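In the two complexes that follow, chain A is the common piece, with chain B as its partner first and chain C second.
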Partner chain A sequence: MATDLQLTSISEKDLEQCLKCSICTVYCPVSSVTTLYPGPKHAGPDGERYRMKDRRFFDEDALKMCLNCKRCEVACPHGVQIGDIIMSARMKYSRHSAGLRDFMLANTDLMGTVATKVAPIANYMTKAAPVKSILHNVMGIEKNRTFPDYARQTFESWYRKEAAESQDKFEKQVSYFHGCYVNYNFPQLGKDLVKVMNAIGYGVKLLEKERCCGIALITNNMPSQAMRQGKTNLKSMQLSVEQGRPVISTSSTCTFTMRSEYEHILHLDNEVAKNNLSLATRFIYRLIEEGNVRLAFQKDFHMKVAYHTPCHMERMGWAVYSTNLIKMIPGVDFIMLDSQCCGIGGTYGFKKENYSISQKIGEKLFHQIQESQVDCVATDCETCKWQIEMSVSTPVMNPISILAQALDVEETRRLNKKPDKQD
Partner chain B sequence: MKFDNIIIGGGLSGLTCGIRLSQEGKKVAIISAGQSTLHFGSGSLDLLGYDEEGNTVEHPLDAIDHLNKNHPYRKIGADRIENLTAEAKKLLDECGIHMTGSVQKNHYRITPMGVLKPTWLTLENYATSPSATELPWRSVIIANVAGFLDFPVEFIADGLAKLGTRPEVEIISIPTLKARRHSPSEMRSANIAKILSSEETLEQIAEVLNGMEETAEAILMPAIVGLDKEETEASLKQKVRRPLLLLPTLPPSVPGIRIQTMLQKQFTHLGGLYLLGSTVTNGNVSNGKLEYVMTSTMMDEKLTADNYILATGSFLSDGLKSNYERIYEPILDLDVEASKNRAEWIDPNVFNAQPYHSFGVKTNENFQPSLKGQTLENMYAIGSVLGGHNAIHQADGTGVSMMTALAVANRLINKI
Partner chain C sequence: MNAGIFEKHYDVIIIGGGATGAGTARDCAMRGLSTLVVERYDFTTGATGRNHGLLHSGARYAVTDQESATECIDENMILRYIAKPYVEEHDGLFITLPEDDLAYQEKFVESCWKAGINAKVIDPKEAIQMEPSVNPTLIGAVQVPDGSIDPFRLTMANVLDAQLHGAQILTYHEVTGFIIENGRMLGVHLRDNITGAKREVRAEITINAAGIWGTLVAQMAGVNVSMFPAKGSLLIFGHRVNNMVINRCRKPANADILVPGDAITVIGTTSDRVPIESVDDMHVTPEEVEVLLSEGAKLAPALATTRILRAYAGVRPLVASDNDPSGRSISRGIVCLDHETRDGLAGFITITGGKLMTYRMMAEVATDMACLKLGVQQKCQTATTPLPGSDKSTVEEPENHLYAFNARVGRHGTLAPSIAAMDDYQNSLVCECEEVSVGEVAHAIENMHVRTLTQLRRRVRLGMGTCQGELCALRAAGILCASCKKSIEEEKADLAEFLNERWKGMYPVGWGPTLSEAQLTSVIYQDLCGITSPSMKDRRQEP
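Presenting the complex of A and B:
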C-alpha cells in the first residue's frame, strides 16, 4: 500500500518534482532584465507550496510579470511545469476580473471583427498621436508600440469568394486554423498557405466554426471565455478529423495553445488537438520526408534568411521542422539565431507597465538580427513579427510565405499530380 | 527524421561526443531533457582524484591500472587515456574553453566549502593550488557580494585558515547589485553575472576592490562574472590592481553554464541539431538493433540513426531510476549493473562511498549496452549513466564523461 502511495503520487504539474536546482532562474527572460520579478522558481513551485496553504501568499502583481514564455520549462531538468503553475495560480487565486484594457487586448476576435469593417479608419486611428496618447494615458496601452494594421477584407471572406469552390477538386484535404492574425491583420499568409497546399495536391478547408485560440484570454485571466472558445474549436476539429481532414495552422502560438494550454491550464479534453493538429511547416516537411510530396523551386530565387525561434515553438520542440523546410530552398542562405525571447509575450508588451521590460528582453535578439544583415527574418509567430518589425527594420516572414515565394507552382503541381488522375 | 547518430542527453558527454562526430561530417542530433548537470559544475574537470580506498591520486595515469576491471577507464586502457585527454583538451580549446592543468599530475581546486580537491583541468582565472596541503598565498581577501547566499564565506575562510592562509572577509556591493536584492530568490550567480557583464558595472566593482587595504596578496571572488564569455573575467582582472581569482559557488554554476553554452555553440556551428526540452520516451529494438526512438515533443515522429548513443547521466538526471524493487534504465530498460538487494544500495554511513553511485548501465568493452543479455550492436552508452565508477568518491565523473565520449566517437569514426 505504502509502496503505491509514494511511487505514484505525482502532484499536479509535477510541482514536487522540483529539485531546487535553480536552473530555471538562469533562463527567465523577465528576471534577466528586472529585479522586481521573483523568478520562475519562486513564482512557480516554491510559491505554490505557500499558496496552497494560504491564499495570502498570492502576489498578483508579481505573478503578472510572467510572460508565459515557458522557457523555464524547457530548461528544467526535472519536468516541472513551472510556467503552467504560475499561469494557473493567477487564475485560481486572483479575485480581480480583467479591466477594459485587458478585455480589449484579449478579445482579438471581437476587436478584429469591428476593426476590419472600418480598416482604413482603424489603421489611421491607431497611428494617430492623439489617439495613442489617450490609449496610453487612459487605457494603459503603450504609446510607443505600433499596432498591426487591420486588413480591409478578412481572410475568411476572401476564402469564401476566391478559394472555397476550387478546393473540392483535391482528393486530399486539410482544415486550416487560420487564427485572428491571418483573418484580420494579414490575410496574405492564409493565401500563401492555400497556394502552397494546393500546389502539393491538398485542398484547404476552413473549420466549421473557428474562434480565437484564446491565448490572450488565458494570459489576461478570462478563463471561462477561453474555455468556451476552446470547446468550440475542439468540436470543430473533431468534426474535421471525422471527415478525414487533419488540421494545420501557421501560428506556433495558436498551435501550442490548443495542444498544450487547453489541457494544462483550462483542463479541457484536447486529445483531438494533440493527435491531429499540426503546424503547417511540420505537416509539409513530413510529407516530403516520407516521399509523398516533392517541391520544385524557382531558379532565380535568392534570399538571406535568419530564423527566430518563438518561445512557444521552443516549448513544442518543433523549430526543426520550419528550419529544415526553409533550408530545402536552394536559393536560401540560412542563419539560425540564438533561441531567445523577443520580449512581446503576446499582449504583454502592449501594456504600458511592461513596455520597457519587453524591449529590454528583446535587445539581444534585435542586436543579433542587425548584425546578421539578412533580407528577412523567418518566424512562426505573429506577435514576434510585430515586435521584431517594430524594433529593427528587417522584414519578418512566416516560413510558409517564404515557401510560397520560392516555389515554382506549376512544376510543383506537376510533380505532385497523381499518375492515375492525369487522364 | 534520419541522422547518422542520435545522442540522447545533451550534457558534457553528449556534447563532447556530438562535437567529435560532427567534426567528421556526421549528421548528429542531440536530444536533451532540460539543462544538464554542467549547471552544477565547479569550473574544473576531474579525471581521477582518489583511488577506490579514498586516497588522493597524484598521477592519474599511473593509478588507472589499479582501478577495478569494470571502471570505464580500464575498458579504454591507460595508454589510450593519455591520447584522449590530449584530444579532449584540444576540443575544449577549439570551443573557446581555455583550461590549464596536466594529465601527468593533478592540481587542486578550491570547493565552495573551502576544501582542496584534486583535479585535472581548471578554467583560467579560477583559484587553484599545486599542492594538496597549502595554498600559494599567505593572505587573501575573500570578497563576496552582499546578499549573495550561494557562497558560504565563513566555511571558505575556515578552510583557507586551516591551510595556513590568512583570510579576510569583505562584503561588497554596487547600486545595481543592491537593487537585485529586491527579489532575494533571484539573487543567484547567473543573474548577478548578467548584471556584471557591462564595462560600467565592472569598473564599479573594480573600484570597490581597489579601495581595499593592500595587505592581502590576492583577492578571491565568487564565480559571478563571465557567464557568456571569458573576456568579461579578463576585463575585470585587468581593472583590479591585485591578482584576482574566482572560486566556484553553489549552483547554478556560472563556469559550468559557460562550458555548456560554448560546447553547444560549437556543436550547432558544426551543423549538429540540438533539441532541448525533449525527452526520449521509448524506442524499438529488433534483432539486437535499436531501430528508432520517440520523443515527448514530436508526436508520432520516429527518429532514426545508424548508431545511438545513450548519454543520459545518472540518477540526478533521470538516466537511471529506482523504485522499491529495482534500479533500471528508463528508456529501453537496458541491463544494469546494480545490486538486486535493496539493502545493499546504500551504506548507512553517508560519508562512505555509496554503492548506488557506482551502479549504471552494463556494457561490453566497447561501451555497448545489452538488453536481456543481448548486446545492442548499434548502441553505445557514455558518461555518468555507466557503472563501475564513483564520481563523488573518486572524483572521476567529468573525466569518465569526456573519455568515454571520445572513445565511442573515435570508434564510430574509424569503423567505416
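Presenting the complex of A and C:
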C-alpha cells in the first residue's frame, strides 16, 4: 500500500467510525419511551449518509425528537459525535425558521430582561390557567409545565449594588458566567457562589459582556444569533483570561455549550473556553485537591442529599467533582442517583408535543428520588431542577448552594487567608 | 409457481438474468411473444451487479469509440425517462490534472459534440464549487450529462414488467445442453440448481444473453463466440465523497471514474484479461486495491482517508477482436449474432458486447431479430414506455415514519405504496443502514423471487450499507425463515453463506473501521450465535 493512503479514516464528526453496534440507541432516553424516534444511530450516522445524498432524507420530525442530551456520545465506544451529527443536521437542513414559540423559549436573555422588570405580573401570568391555556393551544407551550419564577432584581443589578465593590480586595479573581437562570430567575445561586468564592479567598467579577450561552438558540435552530452571542462571550472570556481571571459557571449546560457546542455545532474557535472555563464545583474541588484551599463546615449542618447527574455533566465527565465536593461536608448523608435523563432537555419539555415523552423519560428518575426520601436533590443544571421540582415534591439545589449553606464562612476564610506580608 | 412452464412451447427462451436478459424478456413480452427467462442462479449475479452503476453520457468513449458514445448518450436520455426512480441525474466532470495533456480536452469536447453529447468546458474554479471533493489542482474541467443508475433496481423493473406482459421466469435453472435437430435449435436442457432436477423446455428461438458466460453457452450449442473476459475491480467507499461523477479527461485508463450512487461512492475500474475458467470466482487483489486507491485519490483526495466498505470485481463480456492485452481498446459496441446465417444453426441468437448502459438497445436488436424470424410485426416500445415504478403518478408522504419512506420510493418508485407500512411492525427497520423496513422485505419476498438473504440484498440493498449485514442479517433471516417456511438449519446455512459473501468483499480492504466491523460481526454471529462456515460440500456454487 502506498504510504500515505488509508492510514487514517477521516469523516465529518467521525461518522465512519460507527460500527453500528447500537449501544447509543440502548442509552437513548427518547428511544426508550417511543418508537417514533429512530434512535441516535439511525438519526445520526446512518441518516447522515443519506442526507449527504439528498436533503430529502432529512427527516425533521424525527430529528426534532432528539433532546440533545449527548448520552449517545457517552455510550459510543468509538467516539462518534452522534448527538452533534443530529444537531448539525437540524441546523444545516431545516428550512423552517423558528416560530414565535421557539423564539420566545430560546431567547432566555430577552424574555428575562422584560420579565424581571414586571416580575410579579409575569410570575402571576405564567401560573394563571387562562394564560397557560392560551400558551398551550395557540403557541404550543405545554400547559402542565411549571415555569420558573422571575426574580424582582437581576443578579447583575444585585451584584453591582451589593458585591462589586468588595471584590477588588481579593488578590485572586475569577470571572463568573452566571447564565440567564441565575440572572433572571434565581439570583440566590449567584449570591451563594460569591459567598463561597470569597470565603476561599477569591474575588468574583462579572464578564465585561455576558450573553446567553445560546444552547436554546442552537436547539431551536437559530444558529446565527447563537453564533453572535457565542462570539461575544468568547471575546469577554478572552479579555478576562488576559486580565488573569479564569471563568467559572454554576450551570453545567452553559459550561458544556461554550466548551463543546461552540466548536462542534457553531464551528467557533473556542480554545479560550476549553482552556479556561470551568464549572465552579470543579474549580473549587481542584483547588482543594492541589492543597491550595481548605473548607470548614458548620458543626450542626445535616442534610440527606441525592445527586442527579445532568446529561451534559455526564458528557463532560465532571459529576465526580460536584459529588466529591458535596461528600466533603461532614453532615451530608449522600446518595448517588442512577445517571439518567430527567426528560426536560432544556426547552424540549416545554413544547406541548414533547411533554408526555419528557415526563415518561423522567419517570424512573422521579421514582428513585421519591424512594430515596432525601431532604434535597443536588444537581448542576437549572432545567433538571425545574423538571424534578415540578414532577417530584423534593427541592433541588445546586451543589454550590449546599456548600454555601454548610460552610463555616469565618473559619474557611481564616483557613485560606494568606499570611500577611509582614510575617 | 413453475407449474406448466415445462409443458409449454415458447416463442422465445432467453438465457441470462442480467440486465440484457431481463431487458430482452421485457421487449419480447411487450411484443406479444411467449417468453421464458432461464437464469442459472439469481438475477444480476454477473456483470450487471458488478459495475460502477454509471449512467454513461458516452463521453468516456467519444474519442476512441464514436459508435459506443452515440449509443450511450441515446440510451442515457431514454433511461432518464423510462427508469426515472432508478437514475440519479447529477452530471459528471471530466477533469484534467497537471500531469495530463490539456490539449486532449479540445479533442475530447469536439468528439463529444460529434456524438451528440452536451459537453461544456467550465472553469476549474467553478468545477471546485460544483464538486468540492474534486482534486483542487485540476487545470481543466468539462461538464457532461453523466449520472448514476441502480442496476439491481433497473433489472428487477425489467423483470417485473416482463412478467406483467406474460413472461415467465426460472431462476436457479442452468442450461446444460441444447435440443438440436437438423440444424435447428428446438429448446434447452435445464438443471434445477437447487434440487438438481433435470428438465427441458422448447422454444422457436433461443437467445443467448449470458454475458461473459455466453461464450460457454455458445460452445454447448457447438458454435464459437470468441469473448475477451476483462476483469474490472472496484472499491466502495462508506459515504458519498462526491455528488457528481468525476472522470479523468484522457484516454480511458485504470481507476479513472468515481461514481456517487445511493449513499456511497464507487471508484473503478481496473481492466485485465482473465482466463474464462476463472470468471465464476473473481477476487480483488492487493495490487488492484493499490491502483484503485492511488489513482482514485487523484480524482478526489479525500479517498485517501475515507472508509472503504468493500471491494468487488466483475467481468466485462467484451467480444474479442485484435490482440489487446487489457481490452481497453475493444469496442463496447453491441454484437448481435444470428447463428443461422453465421453458423448454420437456426433458432439461436447471441446478444453480447455492449454495456449496462445499452442493455435496452441490445434487447431491442435481439428482439428485432427474433421477431423477424418469427414473422412478428410488432415494433419495439421499450424506449417510450416507462418501467414499473417510473410512471407519472405521485407518491403521497406518510404522516409518520418518514424515515424509511424516501428510501422506499428511491428503490421502488411509484410502486412504493404497495409496500405495507401500516403499523409499527411493518415500518420497523430490518436494515438500518439502507432503511429497509419489514414491509419492504415482505414485499420483496412476495414479488421478487426472494428466498435467501443474498437475493434480498440484491433486491432491496439489505446488508449493503456501512455494517455489511452485521445488524440486519439476523433480523432478515428470521423473517425469511418464517415467510418462506424454511427450516432453521436451512436458514442458518443461508446466514453463514450471506456473511461469508460479505466478508469476501471486506477482506481485500480489511483495515480500520471496516476490520473492526468485521470483527464485531464475527463476534456476534460466530461466537454469540454459533453460526459457522458452511462446509464446502454444502456451499452452493453461486457467485
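Everything that follows uses one rule, which is that the second predicted complex is superposed on the first by the 414 of 423 C-alpha atoms of A that agree within 3 Å, B and C clash if a C-alpha of one lies under 4 Å from a C-alpha of the other, contacts with A are read in each partner's own complex, and residues count from 1 in each chain.
Here, a contact is a pair of C-beta atoms (placed from the backbone, for glycine too) under 8 Å apart; a residue touches a chain by one contact, two chains touch by 3 or more.
Note that the structure is a prediction, hence the values are computed from the model and not measured.
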After the match on chain A, would you call chain B and chain C a fit or a clash? clash
In the overlay, answer first, second, both or neither for which of chain B and chain C A:Ile121 touches. neither
Touch check for A:Leu36: first (chain B), second (chain C), both, or neither? both
If you stack the two complexes on chain A, which partner ends up touching A:Ile10: first (chain B), second (chain C), both, or neither? second
Quick check on the superposed pair: does A:Arg286 touch chain B, chain C, both, or neither? Answer first, second, both or neither. first
So in the superposed three-chain picture, is A:Ser22 touching just chain B, just chain C, both, or none of them (first/second/both/neither)? both
Touching A:Asp61, do we find chain B (first), chain C (second), both, or neither? second
Is A:Trp318 in contact with chain B, with chain C, with both, or with neither (first, second, both, neither)? first
Which of chain B and chain C A:Met336 touches, first, second, both or neither: first
Go through the superposed model and pick first if A:Lys53 touches only chain B, second if only chain C, both, or neither. second
State the stretch of chain C that overlaps chain B in the combined model; pick it from 271-279, 487-495 or 505-513. 487-495
Which positions of chain A sit in both the chain B and the chain C interface? 7, 19, 21-22, 35-36, 38, 41-42, 46, 78
Residues of chain C touching chain A in their complex? 238-240, 243, 260, 262-264, 286, 289-290, 293-294, 297, 302, 304-308, 400-403, 406-407, 424, 428-429, 432-433, 435, 465-467, 470-471, 511-513, 516-517, 520
Chain B touches which residues of chain A in the complex? 3, 7, 19, 21-23, 25-27, 31-32, 35-39, 41-42, 46, 73-79, 274-275, 278, 286, 289, 314-318, 320, 336, 339
Interface residues, chain A side, partner chain C - complex: 1-2, 4-11, 15-22, 35-36, 38, 41-42, 45-50, 52-54, 56-57, 59, 61-62, 78
Taking the complex as given, what residues does chain B use to touch chain A? 1, 33-37, 39-40, 179-183, 185-186, 188, 190-191, 194, 251-252, 257, 268, 273, 275-279, 295, 297-299, 301, 316-318, 323-324
